[in-house]
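Each of the next two complexes has subunit A plus one more chain, namely subunit B in the first and subunit C in the second.
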Partner chain A sequence: MEESKTMYIPTIIIAGIVIILAVHGAVTFARQGPENWVWAKVFFKLGRPFWLVVGGILWILGTAFFIMEVFLGYTFKFPFKLVKQRIKWDSVDVAVAALSAAVYGGGLTVTGGLTIIPGFTWIRPANMLSPIFGMLFGIPGCVGTAVGNFIADLLAGYLGVGSIGGFVGNFILAYVPYKFMKDHSMRTARSVFDYYFWGVLVGSVWCSLYISWWLDIAKPLVGLPIEFIWGFFAPFVVVNNAVVTAIVGEILAFILYPIVKQWGLYWADRIEFLE
Partner chain B sequence: MQKTKVIMVGSIAILWALGVVFFLIGLLLKYGMRQALGMPLVFIGIIWIIVLLGYHLLTKLGLYGKQPAEIGYVTNIISAVIIIIGLVIGWIAVKKARG
Partner chain C sequence: MSSLYGLYTPGETIIHRLDPRSKFLWFIVVLALSISFSDPRFNGLIYVSIIAVGLLARLTPKRFLFVAFNSLVFIVACLVFWPRRAPLQVGEVVFTIPLLNWKYTEIGLLYAFGKAFLILNPITCMLIILSTTFPRDAVQATMKAGLPYKAGYIFIIALRFIPVMASETREIVEAQMSRGLEMQRGNIIKKIKNYIPIFVPLVARMVKFTVQLAMSMESRCFGAKENRTFLHELKMKSSDYVWIACLVLAVVLGFYLRFILGVGYIPVKW
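For the complex of A and B:
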């Protein structure tokens, strides 16, 4: 209880900073437009070599986590102890992954047409679902989120080699809060602090840089200009992911946690670690 | 325009190759020693292939890559149907999980 009380102030500070940053990004984008957006200028000023190094490190780590968890059946426990895990992948886990994929993929594109800036973006409330699916459903939720983004790419007309980066990038978006948050209940100050730090801030930045780095490296196949990738796409994905996740996501996670737990679908009740 | 078309065709071919590889490796694992590891790959592979078949269908119907308003919000309607399918699957999952 005492520990929870000492977390109140840091939690309020991190939640405030993250919400202000996300809202600032969205408001300045809407006011200044893509060409004059202050976030795009800051990102671009840091230079391609900087983003290639930072993005490269995050890409290697993200890909390693994806392969380790989905292909090899290993995970890590703090402080970075490698352990084997047994996810049943029975009909319930497959159904949970399919549920996450359908709701996330359909949710991202069902609001297509509610345009904010014509030709650039639309209102995407389903962005807030990715950390929630990771937190509540674990690896099946993360896989579902990745697949859901692939479905959304089809319906939005963006399917291509870039979708491979989007696939793993969205896996990371769900994986970071699942793995790095110690308490997913959203009922303690520590849980809310972790949600804003890992789920909103780190997850959004990691996902964005993962995809952007991939788009840069796969340029001959994707065909996007470097200026567009680092000077617009990267900051835009950070803000687009963070804004709904920071404002509405924590309320939804708070509501859904006890329901999912009661239904027997919470990941920690369905996984086995072989140490 | 020609270059964009070449990039697009190449990209879809790469995605097809990846989808088939995911599916086949998944099948090998599922029916081999490591059943639990095969299932997520089979799942990814199947949806991946369905998405690519959807790409060819939407392209053939002239619906792919168009603004929703141009095509009567068909993709929005498809998205809504996909969400409903997902919720039904979720309901089945809950029933199974609770026995």
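For the complex of A and C:
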């Protein structure tokens, strides 16, 4: 109990830092324009080779996790012990994945965005659902998030080669809190701390670097300039995901956890590990 | 109908009747040709050919404008950033942005427009494919390419349920607004927080739908057999073979122009 209480202090500090950084990033973007906002400067200062190496490592790891979990049926347990898991992909898992995709994809399209600069940039509120789906529904929820993003691209009319990166990138956004958090209930300080660290910080950055690295490498196919990819797109995705997940994700998870658990859809109640 | 199945617009045109595999092959050809050419005049021709196919499919120009509008950020980024790369700063300066002193040369602008078409061409092509292909057929085509049928099923159900969820979302928004929720009030943090009373009941409804859907799938023996059969099997018709022959011709002609005659390329030393 004492340990739980002491964890609140770093949790509040991390939450505060994340919210301040994200809001500061959004404000400087609105005031100083896309080339001079504070987050782009950070990306430019470290240089493209740095981001290519970091993004490359994260891309390989992310793709490996995606293939391992979805296609090969393997997962890992701390401290990195590879185990076989059995996700049945029965009617419940398929329904969870499909409806997560419908809510996420539909939410991304229907709720539109909160405009920062009219006609140019916005924050997508439905992004707050991706870590929640991962934490509560496990791999079917992660797959649903990935499919949902794909559908949102499709409905918005910009489905292209870049959407492949978006597909796995959004899977990662849901997968990181699902896999790396030990407690998803949001009823202990440790759980909240883990959420802000893995779900907000690591998940947002990993997702952003994954998609940006893909866009950079697939440049001959996609056609986007690298200044746009690393100077605007990458920091924007970090800010977008971090803002919405930091501000409301924790509250949503707290409220929805007992509902999902009660209906028997919580991932830990459905998955089977074959040790 | 179209709102139930995403972008799909029912029709009886020659493009609608093509096998989805033939249409996906068209996408690959468009992508390959758009990559091969960097001159916007050639990539523009490809775009015109895509629009022609769209008109054959009786799609409205509004739909193409919708794609162009949604891709505007990416296209503007191309036009702004590509010409500023050092190798593209050679030749005659067409104009300069006064305060920033950004110079735009003829080669730089040509190259940037070529890249903008590289974004626009595949996206518009995919829009036409999705607008003319019934989702069930598209899924069957991907299954024939080796994708597990459950993956296709997830995609189909998700598309089917999007209008349901959208209607649920609207109902929840109206209910909460009648209780005093003001969605657009306050600063950005307050506006984001306003979504909590929307998403909580929405996900709770989703959980209920999930259980109901799973039960109805169970009652129809979903997953009882490894391989799924279809009532209407996809079959390549003579029109598909004519279409593929046209695509082969386009590729041969395009590659001949680009790699044998050496046209359609903007010489840049990176």
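Following the convention adopted for this analysis, the second predicted complex is superposed on the first by the 268 of 275 C-alpha atoms of A that agree within 3 Å, B and C clash if a C-alpha of one lies under 4 Å from a C-alpha of the other, contacts with A are read in each partner's own complex, and residues count from 1 in each chain.
Throughout what follows, contacts are C-beta pairs under 8 Å (C-beta built on N, C-alpha and C of every residue); 3 or more make two chains touch, one makes a residue touch a chain.
Predicted model only: the values in this text are computed from it and were never measured.
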Overlay done on subunit A, so just call it for subunit B and subunit C: clash or fit.
clash
Based on the superposed arrangement, let me know which partner A:Val244 touches: subunit B (first), subunit C (second), both, or neither?
second
A:Leu129 in the overlay: touching subunit B, subunit C, both, or neither? Say first, second, both or neither.
second
Based on the superposed arrangement, let me know which partner A:Val23 touches: subunit B (first), subunit C (second), both, or neither?
second
Check the residue A:Phe254 against both partner chains and state whether it touches subunit B (first), subunit C (second), both, or neither.
neither
Touching partner for A:Phe180 - first (subunit B), second (subunit C), both, neither
neither
Considering only the touch criterion stated at the top, classify A:Arg86 as touching first (subunit B), second (subunit C), both, or neither.
first
First, second, both or neither for A:Tyr74, with subunit B first and subunit C second:
neither
Spot which of subunit B and subunit C makes contact with more residues of subunit A, would you?
C
A:Phe232 contacts which: subunit B (first), subunit C (second), both, neither?
second
Scan A:Leu221 for contacts with subunit B and subunit C and give back first, second, both or neither.
both
Considering only the listed stretches 98-106, 116-124 or 260-268 of subunit C, which one runs into subunit B in the superposition?
116-124
Using the superposition described at the top, list the residues of subunit A that contact subunit B and also contact subunit C.
89, 91-92, 94-103, 105-107, 109-111, 143, 147, 151, 154-157, 159-161, 221-223, 263, 265
What residues of subunit A sit close enough to touch subunit B in their complex?
70-73, 86-89, 91-103, 105-113, 139-140, 143, 146-147, 150-151, 153-157, 159-161, 163-164, 221-223, 263-265
Show which residues of subunit C lie in contact with subunit A when the two form their complex.
6-7, 31, 35, 66-67, 70-71, 73-74, 77-78, 81-82, 84-85, 115-116, 118-119, 122-123, 126-127, 130, 150, 153-166, 169-170, 188-189, 191-193, 195-196, 198-200, 202-204, 206-211, 213-215, 217-218, 222-223
Which positions of subunit A touch subunit C when the two form their complex?
19, 23, 26, 89-92, 94-103, 105-107, 109-111, 114, 116, 120-121, 123, 125-126, 128-129, 132, 143-144, 147-148, 151, 154-161, 220-225, 227-228, 232, 243-244, 247-248, 251-252, 255-256, 259-260, 263, 265
In their shared complex, at which residues does subunit B touch subunit A?
3-4, 7-8, 10-12, 14-15, 18, 34-37, 39-41, 43-44, 47-48, 51-52, 54-55, 58, 64-69, 73, 75-76, 78-83, 85-87, 89-90, 92-94, 96-98
